[in-house]
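Next come the structures, one after another.
In the two complexes below, chain A is the common chain; its partner is chain B in one and chain C in the other.
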Partner chain A sequence: MTKLSKGGMDRRQFLSTTAAAALLASVSMPKIAFGAEKTVKIGFLAPLTGEVAAWGKPGLDGCHIWADWINADGGVKVGDEMLKVEFVPYDDEYDPSKARAGAVKLIKEEDVKFIMMLGGDPWPGASQVAEREEMLVSTLLPSDLTPDTEMLLAPCEVHPIYNVTGVEWLAENKPDLKTAVICAQDDALGKPSVATYLAAFEAAGIEVLDEPIFFDPATTDFAPIMSKMLALKPDIICLDTCYADYVHPLTEQAFQQGYKGQMISCTADFYQKMVEKTSKEFMEGFIFQFPDFDDPKLNEPHVNFKKPNDFYQEYLKRYGAGEWSAVSWEYASIMDLWADAATKAGTTEPTDVLAAMKEGGVGKHAFGEADWWGEKLFGINNALVGLWPVVAIQDGKAKIQDFKSIPDWWDQHSDLLIKHMKALGQMYYQRT
Partner chain B sequence: MHKPETKTAGFGWLIGFALLAILLIVLPHLLSFSQQEILVMLVIDVLLVCSYRLLTLTGEWSLAHAVIMGVGAYASALAAKELAVPVPLAMLVGASVSAFLAFLLSFPLFRMKGFYFLIGSFAAGEVIRLMWKWSDLTFLFGGPKGIKRIPSMPDLFGIDFFEPVNYYYLCLIVVAVSLLILYRVERSRIGLTFHAIHWQDKLAESVGVNTFRYRMLAFVISAFFAGLAGALYAHYVGAVAPNRFDVEEMVYILIWAIVGGTATFYGPIIGVVTLTIINEVILRALGVDEMRPMLYGALLIVSILFLPDGLESLVPKTKAWLASRKERRENMRTEEVPAE
Partner chain C sequence: MTAELFLQTVVNATYAASYMALIAVGFVLIFGVMGVINFAHGELYMAGAYTVVALYADMGFPFFLAVVVGLIFVGCLGLVMEVGLFRPLRDNPLGGLIASIGFLLILQTVAMMGFGVRMENVPPSTQDKIVFLDGAVLTYQRLYVILAAVGLLSALWIFLRKSKFGWSLRACAQDREAAVLQGISINQTARIAMFIGAGLAGVAGALTAPLVSPTPFMGHSVIVTAFIIIIVGGIGSLEGAVLVAILYGFVHTFVTTMYDGTLANIVGLLLMLAVLIVKPTGLFGAKERA
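Up next is the complex of A and B:
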């Protein structure tokens, strides 16, 4: 046996000690940044694994493209400096206790200046930490907003309010459709969305047949749900804000059970797979709310998202066509808003950036100028609301049909939305 | 000859416990902020998995333990938030409600054994979990979003229990006392009866042991401490939701118990500590977030393949290896002496 030292260490001991030391170093040593470039760190606290990862991971991928482009241009201008942007991800696994640990790590150890979250279940875990540390946080789920959440913003996706635009467009363009049925998973995402669709259908003069069907999130057999819906012979089948794992089998069931009418859904993530499993003809006219970013309509002057078509091509090049989802661009668009506000504020300090972001009560939303809004629905004006696209599948490809104004709809029908939200216990003051 | 050896062994245990106590007291100060957060959850999980083991002593494996933890969490949260019960008392209320529920569930569940009990407990757990989500009870349980803004442990003598280190010490005391009780129960005649029911339930019945009552007792005690773990969780995180106590959480409890081993008191503790460090510290530090479930799964497979009796089986193996090594050295020395 070869002795590596006079102390008598053999090769096996040497290798195991070295491996242990390397592992220990990787666990305990802070990462050292070489070079003189100044960097601002942004936290990405969202599910990267598990059932809800589809609404976290693609967003992080989009952020990497955003950061590479911004950094290639020199970074974000803050005061007299150009700051490179570095994303620090933490997988919260959609669990509040892990979100709390993640928030602590990002704020106290990584010194991030802004945290982006998916929101929902994990938010209560992170909220107290964020409040104490006065950290600016964004969510994609404005149902997290309450009058107390002053540092929490919903600056991109005001789910589920934008769903009204799809129904409004449908009523204008297909006035012969008069009845609808709704199904949704019985959870925090499904319920407010059902309330919104109920309000939108009522505003559009479309009758909702029977009560909405709430199914358990653990459901795996969707045939009975679709049979029950089809038995009512509706003109429109509404899939609410179902997760991709439900939208796909429900759509397949509708196809297999011979449905030939209109379908509408909040999302149609990975819709190409649905087209493959059904047919182009069946999916023709399927309405949802999330465009592919190669759509030429995204080059209209009111759209603030920078180089959307290039962003889409780059995303497909890096991650593949099947990976694009509703959230692929959303976190990146929030970063546009944050970068503008940091430049305007001349600092990355969260409270100053928040003030700069909300200055004048308007902001540059990805799809156009928008208002900071939400007091009646969330108790606080921290949701950025403006135009939202209505998307339909045409010849197997998602295409924007129009941009509709959420504030315009709200001005006419706010009472309906509040009525249905109240009925389902979704108003901010009804939440426990 | 025996007395001095026993004394030496007792002294060794004392030194061991003293060192462990020092380590547990010093530990949070050696960790980063986020690792302190993980440590708090780890201590709560230790109580959870040890309470689960007590039930397994009777030979029954339940799939409702995560839900029973949730019952403690919900009950404690509601008592503190809606009835303004002081948090420490609310925690005891939460644990007691869990125990009472286990008592009620015993009547239908212990009509079944083995695989049927497993499935029955799963069904009972799901009924409770769906009740939390039920629309008509949203005013009470908060529906799918659960209960938020649960009162946290109030400051005591200026100690802020929102800080993870302070809450860790609180949990450490609660869990240490709970483990001591669980250990004493196992070592008592009651514990021996649990073992007897596990291995020879018909024989135990034939000598007058009421197996139903002992199974119920194990279930109730186990549920009390699971509920206490839930209450500790709820008042720290500040939120509870039905999904937090779903079958995935139950699978984690099973994995900790199986990988650690359930033959000894310390087996599940080794399991939960080792797997939590691997999953939450090492794999996260390696920056392989999306690969963690795969790597975690691979480690589990390797562990079950090569350590079918659990990580706890390493302890006697290590002892035997150290003893044989010592013996070899002594033999070598005795062989070398004549040569010199």
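Up next is the complex of A and C:
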């Protein structure tokens, strides 16, 4: 008799126990053994660590809520099947070479059907792989779009074009503000945003007092930059699309150096921390473009994002009150569009989903009905553009002031935007 | 440039020079005594900042207690590096450098696992500030960094010049073999150098935590500047590191204010290039070693 272990079971006992365990497992887990759920994998290729992680990681967190809710309802209906959704994250660290490696892994090894990216600097790394494999990819930055990027969509965030709405609202509601200064980090996010703010200020009749200040992304001490801006005595300080790591110290510096005027920024992620470090009075009226999703105005009928207030509460419950950022809802809203398109197409194949998504030239953007747009600016109509909220901090809390139409602004001032984009080398045919 | 902007720029430059001096002097002390380029020095600075995040911002201990703990904790991290990494690799010129890169990654990962990748919010210990006649502003939080730099670096200078341990450190920096022949313990001097060098980086990180919003990657940027400072100052020269930190802080801040930060970085690198061409050992390289 063969003993498997000293004082333990013999071979016959071992075999019978193993067989019983296997039978029990097959009976107790019928779904796994006899009817495994079908799953579609979605790639999440964005910075999850590093300086830009604030625009990747919170989006993945939001996607987990989206997937849990969809999967709890049975999944996404595709043809005759209900497909559960699984996100496969890959940290590109905002690095093109890592984005390329991530794209290869997600497509070749994970067999994902759609990839969501932040875009910007990493996109060139992933673009060749995505194009070769005909993979549908989304970016939050339509400045990645060119006539050649047919499989790349900007279905949620029309960065930086929506920044015009903040300036337009400011000009309408605070007409006494006549001068501005702008600073931004010198990179693929900062430059097109500066061009947009320059156009928006010019359209609003607000004078920009000096050349925009482009600072090195490695900057750690923002006191000299703020000193330089304050020396011009502006009515408005514009922080462009600075990363949260820059918006916070710049705002603190403005406070510490005694500034009392208007501030405007594309984002104010984790603004509660800025309120803590400065004061409610100083932050009152700070304009930016990204609402908290507990805002009652998001329940207006034109808003397509599903259950925004519940989504926000769930997000805070899972990840904490201070973790909500500009992108927490964005990737989830892109998934709404993708799921609708996959259902309409009856397949998850990227080219079919793309066609279904762009059918009729219109789409259900998170904030309302929108057009597939962008040919004049990006060389391709792959950006979904419609309404965008203008947000201001009031009594320490972000509140939507209004929804403004980007296409309406564009119809009146497209020449200004193209002029400033050209001047900064940001038109699609100027970008390398 | 108006008088107000000029004075504000002087204030900004004094702060920049102070915190860079704290970091660069620790860096150069470790290299001078041990012959090791400690690539993890920026992460020691980060560890000091996270000590304040944990003790002051999260647990509510007094700010200055957290700063003192930061100094001691990071100094002890330096001791761990000396005993665990640098001592076994003392005869391998590249070994210490590679080991420090590995330790850098470990510290970053520990910070990421412990605190996450987001930037941390450290409230200032005070909102008080000094407003000069021309309107220039110096916050107390920045003043603390300036005072710490003056106080700690003066104390270090006295320690090196007047104490027995200081003499042994300088002897090891000048000629390690001769120091050993005089009965000086290399292990003991290495421990002292690592504790002081790491502690200075730690206190810089701790004091600046409310000013910079700590992240696990905050060490990257300071290490590059520290390299420029010690190369221009003369590798191994404490006086050189202090003087060049002041020079670099003023040049960089004024160029940033008058032109832009990218040009300021270029000027810093050109400064380094010019010194290397004219005096390859650095401004204080050969004669004024620690």
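Observations
In this text, the second predicted complex is superposed on the first by the 397 of 432 C-alpha atoms of A that agree within 3 Å, B and C clash if a C-alpha of one lies under 4 Å from a C-alpha of the other, contacts with A are read in each partner's own complex, and residues count from 1 in each chain.
Rule of thumb we're sticking to: a residue touches a chain if its C-beta (ideal position, glycine included) is under 8 Å from a C-beta of that chain, and two chains touch if they have at least 3 such contacts.
These numbers were taken from a predicted model, which means no experiment stands behind them.
Steric overlap between chain B and chain C is present once the structures are superposed on chain A. Once chain A of one complex is fitted onto chain A of the other, the partner contacts of A:K273 are limited to chain C, with no touch recorded for chain B. In the superposition on chain A, A:D221 makes contact with chain C only, not with chain B.
Touch criterion not met for A:D292: it reaches neither chain B nor chain C.
Residue contacts after overlaying the shared chain place A:E330 against neither chain B nor chain C. Legend: residue contacts after superposition of the two complexes on their common chain; A:E314 is shown touching neither chain B nor chain C. Shared-chain residue A:K105: touches chain B; no touch with chain C. Within the superposed three-chain model, A:D92 lies out of touch with both chain B and chain C [touch as defined at top].
Of the two partner chains placed around the shared chain by superposition, neither chain B nor chain C is touched by A:D371.
In the superposition on chain A, A:A54 contacts chain C only, with no contact to chain B. With the shared chain A as the reference for superposition, chain B clashes with chain C in the stretch 273-281, and the other listed options (3-11, 39-47 or 273-281) are free of clashes. Under the contact criterion defined above, the residues of chain A that touch both chain B in one complex and chain C in the other are 48-50, 53, 57, 186, 214, 216.
By the touch criterion given at the top, residues 32-34, 36-38, 41, 81, 130, 133, 135, 138-149, 152, 162, 164, 233, 236-239, 241, 243-244, 280-282, 284-286, 289-290, 292-293 of chain B touch chain A in their complex. Those residues of chain C that touch chain A in the complex are listed here as 1-2, 4-5, 8-9, 12, 15-16, 112, 117-119, 121, 123-124, 129, 131, 135, 137, 139, 142, 210-213, 215-218, 220-222, 224, 253, 256-258, 260-262, 265.
Interface residues of chain A, counted against chain C in their complex, comprise 48-51, 53-54, 57, 186, 213-216, 218-221, 223-225, 227-228, 231, 244-245, 248-249, 252, 256-258, 270, 273, 276-277, 322-323. Every residue of chain A that touches chain B in the complex is listed here, in rising order: 23, 26-28, 48-50, 53, 57, 89-91, 94-97, 100-102, 104-105, 108-109, 121, 124-125, 127-128, 132, 143, 186-188, 190-191, 214, 216-217, 424-425, 431-432.
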